[in-house]
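Common to both upcoming complexes is chain A, partnered first by chain B, then by chain C.
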Partner chain A sequence: MDDPGVLLQIIFWGLYAGCIYILLATGLNLIFGVMKVVNFAHGEFLMLGAYITATIFFLSGINPYLIILLSMLALIGIGAIVERLCFRPILGTGKLNEIFLSIGLMYIIQNGAAMIWTDNWQSIRSPYDGITVPVGSLSVPLDYIIIMVVTAAILCGLYLFLKKTTIGMQMQAASQNRKGAMLVGVNVERIDVISFGLGCALAAAAGTLWVVSGQVFNPYMGSIPAVKAFAIIILGGLGSIPGAIIGGLLMGLAENGAAYFLGGIWKDAISFVILIIVLVLRPTGLFGEKGE
Partner chain B sequence: MKYHVLIIAVLLIAGALIAGCSQSQPATQQPSGTASVIKVGVIASLTGPASNVGTNMWNSAQVAADKINAAGGVTLKDGTKAQIKLIVGDDESTQTGGQKAATKLITDDKVDILVGGYSSAVTSSYQQTIAEYRIPYVVTGASSPIITHRTDIDTSYIFHHCPTTDSYGEYTTLFIDEVVRPAVNKKLGASADRPFRLALLYQDTAFGKGIQTAVNNTITKNKLNIQLVSQQNFKMGDTDFRTQLTAIKAAKPDAVYNGAFPNEGAPIITQARRDIGLNTIFLNAENNDNAQFYKDLGQYGEGVIIESRFSPYTAPAGAVADAQNEFKQSYFKRFGTYPDMMGASTYDGVFIAAEAIKKAGNTDKATVRQALLDLEMPQIIEAMKDQTCSFSPDFRESTFDLWMEQLAYNATLGEARPSIVWPDNLKTTDFVLPSWYVAGSSS
Partner chain C sequence: MHISRDKISKYGVIATFTLALALPFFSDSMFILNLLVLMLIFIIFSSAWNLLAFSGQGSLGHAAFFGIGAYASTLIAAQSGVSPFITIFLGAAVAAFIGILIGLTCVRLKEWFLAMVTFGFAIIVQTLTVSVLAPVTGGWDGISSARLVSPSIPGYQLIEYYAILLITIGSIAAIWYIMKSKVGLAFLAIRENELEARAAGIDPVRYRLFAFALSAYLAGVAGALQIHHIGYLTPELYGVDNSFWPITYVILGGLGTLAGPVVGTVVLTIIWEGLKATGITFGRYVIIGVILILTIIFLPRGLVSLPEELQKLRERMWKKEPPEEVISGES
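What follows is the complex of A and B.
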């Protein structure tokens, strides 16, 4: 019989991993929901967020949790440029174009980052390094509590933005029916830029939380998380933000559970096993709608 | 008129192409096996997860080639002096990248000999190409014994200048039994027959599994009083080890042996100490004796053990100390950082390749292979058994003098630094259990 304290600890690590996945997958889903584009370079925006945070931290020593805002702002700008220069010209020309464009972007961004920051593994130390807090029967590092709170705050902020602002409602409209939104006067190209930038900003937030948790990073760090983010949005349902949140949490818990019960080598595979099972039973994903 | 211009353009392009082809001919028009330039292919991971170590290997090869060339190059049988020309192949830290790099170096660049190769998984993926083209290859980074022990393909052109996981896995386990186990018993006030509780955390590759096998075999073969309380694995390049470390902590180990690369070893120790509260001794394989590893560990390097044969920050007293220091200074002068263990092996590897070609007198592949088999040259910068570089007749493996280091945190530097603690004839200080160390259990 496994120690309940150990199982609680594994669940805690699963929740932490889930936070990173949720932010990454929500950003990807936001972009897909509005523009219906497949962007395999989404993990590279996570990587850029990580490097921007680390660079500002190394140069200024500012608390990295505050740098998350700067990192997100920078990625809104970078995302807007990428959307305008790369994705908009090929929008509606076929999925193959999107796939190859995004694969090309992956390599360009990775190599660009390697030129700027070198491809050595790096890590930073959070100012709260070594501080633990009691959570029930567990004693957990403060950083992970902050990471969970920051993730929840960002998701609440996104919810309010989508529900309470005009642009947010226009994004929902474009997501539900792009032509219909255009007919009622929504400038969908403007919405595309904002959605893409916002999606990239969420990836940047995931990158920032990745580095403050003390995980190592290098220019190639984004590829695997991006593949997992795709699995999450398919699992949760394409275009569904609640689906991305539930899917991200499931992925984090499943990975860490598999690493504990089956061994570390099953960590990546288990997510895809779950994905296949869900797709067989419910092809639209957990929260997806027909036609997506 | 237009057609005339087109025909002239086509003729000019064709002419240029023919001229281009003929310019590369002189090298192939020479009698077989002679050369004014010796092309040494270096296979290293310049990109991908192992790029830190790979870059170190490539840089070290350049330092070695510069030294050989500055001394006049390699004297061949006909009396001519040939310069070493290095050509690098980036294996991208992947098996497909390794296959591409090896094929390009052999077929396009037509190298005379190969040196390098990091990660047993990557290196073993292109051994078929080496066997097919029968090109001598001095492997200096991949440490699984399968590199020369496998029987499914011909490995007769491969020479292993790197301790295998069998040898350093055994060495580390014997160190645990002889040094760490008595220290833990003393701290606990336990009797000498208390079983030592060891946990393994290893990369799920030939390298990591090689260490796991070596530890298990050493315990069985020597009937050591060591109990393996947890054996956890992870995928190569993973960054989050918290779940495996939680499982290890639950097993109450006295020490943890990591079969990991530096980019995995440093996060393992940091996450264990900082996030899990696993305050124990971490033992690491020799590839972690790397400047980046020390930097990434920071204060969590305190008490860490590394099995080693070359360190950026220490050297055993004796014959190789001066040679190692000279290499470190040359490397630092050129690259601004210090070389690591795999860099040192690759430095040795280039010298071994040059010596084999010198003994062969030419670059004929079969003759160079025979020269490598017969090789007996004084140790270069790494401490070798009998102070001699040679390859065993059965599996063509070098034999090294190894040692164990323990790290102590230097607050001024913000990093830990190593001291040799074992064996007795090389040690500069004694192994100590840190004040924060927590043993697995008292019984």
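What follows is the complex of A and C.
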């Protein structure tokens, strides 16, 4: 508190953490918006993205920021398979069923990953590790700035995809009114696969940025960020992508603030404290219009 | 030839009782007895979770109430010196009280919001346990807790087994009574259609809270039993694993049925221990995950519906006539 530099530092960390949450929450929102599916296993896709990036990096030594595209591509495929095999058969049988199925997916993906990559904590070094850039009175790691730029680029790309392409517009149509979209000839099942794949790709991007920034990762790292991402989309209003962005940034800031002022142990708990307070005061979320 | 379903379930109950009573005589292995005790505890825990699901609410953080019951009972026993047999129920009451508070935040929300809030709540409780409450709870290191039956008494494990068996039967009987009563009907009505239930004069908020309190209470009993059986507790009690096991057990056994949690717990524990014997580590969880997903997709009413489904399948195999609709459609 006494040092404004520390406060700025916290804000900067918050923005960086917020970027990862934004990607995760946006992907989740995309899936929820189109399919109305509650996929609690979304964090497992983040974890897979992280491992795929790290593995390719270990094998080839390519700049990890470039591997992000490969990782996203791989997760589109994995996401499409998961959607087809697991979620489509139970679509419309109730939200709780979807949650229970996600638990099964979590067991499979987490421990499958542990069988391939062991359950040790790992980390990789970014090629820009140790380089800092002066921003005002702060010196900020270059990686954090690249992460923010990459996140912004991905979000802009997503925006253009949703607004300008036929598939993007079909996705919007399906999320606004599934039956209506079907009536005007949108192949809703195909749109489901695409949105699920795209959501997973965004999770892979989040996972890649997570490991590139030097954070440690293991097969079980995904579940808590995923539930936090759910907290974010509830805070931001279900199905609202601007809400997910603002919610993600707020969550990043709140977490890093709490870690500094209350102690690191509160980093995970604070997001749920905020969620419970918001749900009690405003059940539709901060920016939501009507409850889902 | 044809046996009515009532008779099957009656024989099933009698057989299960007899087996549960007689099992310790077949094997005096400490390992088996310990396994049976833990199985009973998880039957209570799964049944508690199942009761909540029966009322249309899903919790992803039932480990919170499991843990609160355990900690409260241990601390009460340590402070007052009262026998764990009494503190179990006091500790569970604390869990129920906190359950009502958590239920209150969610009763008016969609069911899956509750799933998130409870998941988060387990993390919050764990955080509190190791930070603010660490002086009392021992933080990450945990504390030792009084044994249910002192190990100095000969045959204490058998006494413990029968005591826990008694509590398990009592819990299941209580749940059976509630499911059969008007309250159970109200739960069903709310689960199926809240609006219609309200029109029939059922107050969903009150019944949901009641289900939540009762479920948290029984989860607390289970948690307290487990740590008084083991004699030591750590904040890992609040872990995701403990929240997810009852869900897995209940789904495999049969969601919303009385026998489901029992069948699911027993079958899955046997599978789990069998896999453990083969030395698979991570693969065990993968197999459990596959079983869970296959059950949800292909056997949505769980193992308890298996005889019925097989019967249907057999009838379909024998009668290979074209469906009636086709014929009537032509006429």
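By definition in this document, the second predicted complex is superposed on the first by the 290 of 292 C-alpha atoms of A that agree within 3 Å, B and C clash if a C-alpha of one lies under 4 Å from a C-alpha of the other, contacts with A are read in each partner's own complex, and residues count from 1 in each chain.
Here is the rule we use: a residue touches a chain if its C-beta (ideal position, glycine included) is under 8 Å from a C-beta of that chain, and two chains touch if they have at least 3 such contacts.
No experiment lies behind these values; they were computed from the predicted model shown.
Asker: Could you check whether chain B and chain C clash or fit when both are placed on chain A?
Answerer: On the superposed model, which is not a single observed complex, chain B and chain C clash.
Asker: Once the structures are superposed on A, label A:265 by its partner contacts, choosing first (chain B), second (chain C), both or neither.
Answerer: Both partners.
Asker: Which partner, once the models are overlaid, touches more of chain A's residues, chain C or chain B?
Answerer: Partner touching more chain A residues in the overlay: C.
Asker: Which partner does A:283 contact after superposing on A: first (chain B), second (chain C), both, neither?
Answerer: second
Asker: Does the superposition put A:107 against chain B (first), chain C (second), both, or neither?
Answerer: Touch status of A:107: second partner only.
Asker: Which partner does A:160 reach: the first (chain B), the second (chain C), both, or neither?
Answerer: In the superposition, A:160 contacts neither chain B nor chain C.
Asker: State whether A:119 touches chain B only (first), chain C only (second), both chains, or neither.
Answerer: Once the two structures are laid over each other on A, A:119 reaches both partners.
Asker: Answer with first, second, both or neither: which of chain B and chain C does A:149 touch in the superposed model?
Answerer: A:149 contacts neither chain B nor chain C.
Asker: On the A-aligned overlay, A:62 touches which partner chain: chain B = first, chain C = second, or both, or neither?
Answerer: neither
Asker: Which residues form the common part of the chain A surface touched by chain B and by chain C?
Answerer: Touching chain B in the first complex and chain C in the second, residues 114, 119, 263, 265, 268 of chain A appear in both lists.
Asker: For a test of understanding, state which residues of chain A touch chain B in their complex under the given definition.
Answerer: That would be residues 3, 6, 9-10, 13, 16-17, 114, 119-121, 123, 125, 129-130, 132, 139-141, 144, 214-218, 220-221, 256, 259-260, 263-265, 267-268 of chain A.
Asker: Under the stated contact criterion, what part of chain B meets chain A in this complex?
Answerer: Within the complex, chain B contacts chain A at residues 47-49, 51-52, 55, 204, 232-235, 238-244, 246-247, 250, 262-263, 266-267, 270-271, 274-275, 277, 292, 296, 298.
Asker: Using the touch definition up top, name the residues of chain A that touch chain C in the complex.
Answerer: 38, 40, 86, 89-90, 93, 95-97, 99-101, 103-108, 110-112, 114-115, 119, 223-224, 227, 230-231, 234, 263, 265-266, 268-269, 271-273, 275-276, 279-280, 283, 291-292
Asker: What residues of chain C sit close enough to touch chain A in their complex?
Answerer: Chain C reaches chain A through residues 53, 58, 60, 105-106, 108-113, 115-117, 119-121, 123-124, 126-128, 130-131, 240, 244, 247-248, 251, 282-286, 288-293, 296-297, 300.
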